[in-house]
């Protein structure tokens, strides 16, 4: 395996700066933020380390050359919008940009694009799956024709503003099973993030076993359960007060069992750190210290 | 303590029939369904074993005499509607009926009326608490002036039709704390049902300790967690598939610890079985067998 | 449900004496030992409370009349030999007697016959299943034609003399699954005994869920794990020193969860106490005290 | 086994009143308080239901006759003073009274006398054991010559006034082992009370296994651990705030495992309820309700 | 955070030798033993790596320069005597030396002095707190006027010679709460050592949460619970036989959760290894190996 | 301690190649495969990195010199055949080779030879111990006379072909106790491998405590329990489907507690990685990656 990270946590650094720091810090892969150029719409979203819409062969070659000079590979291009938003105009805009990301992956020789399936937060999971069945088949087909895999992250995107349904319906085993019934294509799979399973009380190790053929990419993020706040607010509080994103090693994910399961399945690709730990935010130095901690905790298991 | 039950599970029997069966089956108290006469709006709701709106002194005396003939007391009158529904007309109708129930409690010499606080299911808990602060103080005052206690049950009333917010916002310790800050009146408290805490992963024994001064009435209902379905749907599935109402003894409530905590707090009133176990429904005989099981499981602890 | 017991633990009493004691002790059903007349070959085996080979219509009517006079039903006829013994002569003898038991069940209007599938103790489970596929289809067919269900108990029949393979291969979920693939007939199922699952570290509650359609009859026996001896001998000691048969309530079976699962599945038949607890053996009085304890522990859950 | 209780919790009733109530309540044995006549020195201590010092043959015969008329046996005579108090005068007084109790046991044909070994609360356990080796051999010999067993209860007698060493050093497995090395006499053993093991985090079920040959008498008392107060005060708080005596079934003792272990050891004598639950004290009726609860919780296991 | 250690475990090395080894071994801070010159009174106590009483500006400057040459900071000065000893003469001597340590901290520009509050081992915690209220306010004021923080370690200092009360009453959450009620000064806090909480069964992670504003300094020491000896001696054995000091990583402290909690609270100071593991004592080389192990276990979490 | 590994996992490399890679990878010791030259009879068995039968003083000196040039020591010579096979000819052949291994250990100045005791797989453990008592005393004496220790590994050598008894009876605490009763010689002990205890549900940490004087050598191998397959096949499945050999850190062994116990016992020798993890097999590079992972997981604890 190789250790990597999602570049979105370093929005103030240019890609070559990120690459330089990653290489000297011992990382081997980058999951590169590929939002459209423009203003970030939420924390970490909207970051763009590659302008995929404006990328041509020459630009792609330059990037690949710069990265290989640092001994780095791109594990995936990252673009996580809402394809099932109520507004059909927005649906079209993000779908168009996904095609740009896929095209860029082809130019950059990156095998995977990571994204969400989206959701209309006012609808139930069942109703969102109906929309999914309409919106997603052509997108997966577009990627498949270009030999690009689409890896869906399992973050429910639920917070106070997106309560109750969240903006990404792909959050549970029963829903993934339904997803792969609707789209059985081999280039459609998961960017599995175990942290989102912790607060749902879903066993993250069993998930790795059950969906072994669909896990294309793996996120290293952790989740702490604040027991006092869980008591105060309960499950109906939807984790707003008691599910706290942490760096790997600082939460409840059973990392040795998780990585043991990945190896047993023959997974031999990236473990990509996603940094959303508020205790290590605020300035770039603190963000980097967070990455160091995650790296040092995971490194013994990465060979 | 005394063992009782909520009469709503026996809608086909008249009150004196219920009382006869209760007495010969060894129960000591009844929690009497007191909905307005008319059609049931949901399973078990809408049942009326006493027509409180039409009750006068003579009628009350007759009921008390019939019950005392069976050696039975009324633990509370039960009316569980939605006082915070979006429609202000409905709000007024149910508030009026609550006053009828309170008046009937006076006539029947019953110290407690059990009910919900209600909720607008489309609103967050915080927003519902704003409405609560407007709607509820006069109702509690009305009861207080008549020396009647109001006991709020902690059922969130969340199911697929009432998703996501449910129709009773009084479901968690942090919310009860807020409730009693807004209305500190001594006649305002809880009809605690531990089953609703189980699927929220809230420790039911600590709740009894923390809210010892506010628990006026106690429900004996249990909740089974279906571990396989919890894995499939997670917490975001809101328990629809994995939280299964059971009779006391057939679920995850720690009854000996629960009852030990009640005794330690000096609680010496009713343990009232609420029967919503689908494995014991369908015909009256099966419902009764369910009550027998609950009775036999709890009886050793009831002295 | 009804509480019953396997009569084999009372070999010194005639059937009418057993019935008299059972009725006055509050039992509702009997699982009647139906071995061929003759000498017991192992503890409790070989007991015969009905001589099925010699039974005719008149004799059956007499038995039924005697039992109904005591308010008792027969839950099943019990005959537990080894149909897959290496010696083909023995195979034939026991198969013939099984037919006698089935015929007797018809005469006695008993819907179920309980038995083992047997095993050649020197063979692996896989090889025994090959023999099963030859020996058992005609037996199940014979019963099916007479509308009698065959319920296989899941005891592995492993002790020092039958080590390593035991004399009944039907001991684990994977084997039952294979069994019902080979014989999918609706009259073929299980006489589930949770005690044998405990020392195999198989979750007895999940078994009830997974095999809900195949559980025809249920044994109430318990198993204590002696932790010190498990440490000394380990799993390779095959439980001889550390798996100790006990009466229900004195071992590790989670009875409330077990019975809750049975009710949830709609099981509404016998819970039949099997008494093999050496702490309650030696004289008939002690055996009876054992049955009283089991009865009193289970009774609150039997309605 | 038989269910009994220690009569000290009913100081206001004469022995024949206690016996009458015990018999009609379904108890089979009494552990009779046998302090010297006079003022109680602590809660429940000092109660005297038999004046052993003044007992003669005729008086003993009368008591035995009265009890057998109620179908009751005496499980033991109870006298729990401090034989190792610093003051040698007090040591002599209590030793003399113990001899009276032993003599009374002979007259009453009671096989067991229950007591403490005592302790000097200012000394370490080791130093107290030196005193034990001097004081106790003649007392055990006195009893042995009269075929009376001495059963030492394992209560440490530690509270704020007797902090830190308590007034009975016989509180842990290592100390009992030492005790029986010093006095190996067969008539010297334990009146085991599992509640005192709970708050010491000593496994009560293993104790029953390890000291099976020395358990002559068994107390049914329970202990609740108040987790919040354990957090606040820790083990150095010595349980004053967090170890709460409860009736059997209301605390942390694993009763089914405890009784299963007793049966497995062949113990077939009394389970004697000791009532020190403050939630059931204050008036005699409440004390009796406490006994009813304990009885009903234990009864299914007593055969 | 920075990794440091308490220098008391290396009594045979001069401060500059300790500093040289610390720097080359990758440590960033030192907690420097500052007992008065003279004979050690107990294991590790009495060590003096700085003669604070004889320190002047020049000497302090020299030490600071030597340490900064090694890239090291002083996390705190360490002096852990008994301020509440029964003898008032001793009380005065140690209080005087504390002022020397505080003065030295000013000269050395060290923000924190670590110490005990002390205790009279024959008194209860409550009585010791009365003495605390007299002795400690002027000491905290003295430090505050010089902008030095006083950090109290939570070791109870209980062993056979100091049984039962120990020589430092500051050992539990309820006592710290009382301490900070008596002295609310902002420069008064804790040098938290989680190992002492383990054997008291106090949750070390909750302590970090509850006392987040008072934790000025953090000790990395671990505690193993010997389960067999806990069974033999119980809680009343006060941990002498079953609480075994270990290096971090070799005991029961949940280090990842502990450090996660510290980061979440914004703690960004020293994690200071206290070495009292007898398996790594006896010669200086073994002591150093112990420090290497602790360093390597903690290092991944120190960024 | 020193980190080492068993060379059998690298059968394609010559000893000096193994040594070179070991040294540059940071290992300090080698456990050298010493089977007779010839064809491997099972996975990893039969590997020979030293031809012990043909070894003379000069050859031994050369090997020692080569290894010390790499800074390496030999922790033990490894030869793991079946001394208790039914065929007496085979018994003699392997016993003769063991003497060769012992002689080679003398020449190479290696203090320990590691091996099995063997077993007749068709016999019970008890019967195998009878053979052990005949076969083993002269072998241990032979080694003792040459001051060589014999360390028996505790692998039961049970798989489908060696079912049920396996080919090494030395697999449980009760058997080791018996072994050391039969042969109490001080040069007879264990090469403890905790992985084989995991699937037998034997506490590996207690084993280290209980057999502290007999553990001469320690294997670092891990075992994963596949919970789904344990449910399907149970303990009678003997772990074939559910006990999965893993590298240290990827299974259920509690490594920090294990190593803490070793240090506490004063064990200060090798922790020797045994690599049998199928997820890291297939080519030499993958095998090496497996060793890197094991090394990095264990290294923080090795000082």
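We just call them A, B, C, D, E and F in the order they show up, numbering each chain from 1.
Keep in mind that, in the parts below, contacts are C-beta pairs under 8 Å (C-beta built on N, C-alpha and C of every residue); 3 or more make two chains touch, one makes a residue touch a chain.
These numbers come from a predicted model, not from an experiment.
Engineer: Give a one-word verdict, same or different, on whether chain B and chain C use largely identical residue numbers at their interface, taking over half shared as same.
Structural biologist: Both copies touch with mostly different residues.
Engineer: Need the most distant chain from chain F, centre defined as the mean of C-alpha atoms.
Structural biologist: B
Engineer: Comparing residue numbers, which of D-E, C-F or B-D shares more than half of the contact pairs of A-F?
Structural biologist: So the equivalent interface, with over half the same contact pairs, is B-D.
Engineer: I'd like the angle of the rotation relating chain B and chain D after CA superposition, in degrees, nearest 5.
Structural biologist: An angle of 120 degrees brings one copy onto the other.
Engineer: Taking each chain's centre as the mean of its C-alpha atoms, which one ends up farthest from the centre of chain E?
Structural biologist: Ranked by distance of C-alpha centres from chain E, the top chain is C.
Engineer: Indicate the whole-number Å distance between the mean C-alpha point of chain A and the mean C-alpha point of chain B.
Structural biologist: Their C-alpha centroids are separated by 44 Å.
Engineer: Would you mind pulling out the distance in Å between where the CA atoms of chain D average out and where those of chain F do?
Structural biologist: Distance between chain centres: 54 Å.
Engineer: For chain F, give me the residues that contact two or more of the other chains.
Structural biologist: Those would be 299.
Engineer: Dump the list of chain pairs that touch, please.
Structural biologist: A-B, A-E, A-F, B-C, B-D, C-D, C-F, D-E, E-F
Engineer: Over in the complex, which chain D residues touch chain C? Could you list them?
Structural biologist: 209, 256, 259-260, 263-264, 266, 299-301, 303
Engineer: Using the touch rule from the top, collect the residues of chain F that touch chain C in their complex.
Structural biologist: 124-125, 156, 158, 160, 163-166, 171-174, 197, 199-203, 206, 230-239
Engineer: List the residues on chain C that touch chain D in their complex, please.
Structural biologist: That would be residues 224, 228, 244, 246, 249-251, 279-280, 289-290, 292-293, 296-297, 299 of chain C.
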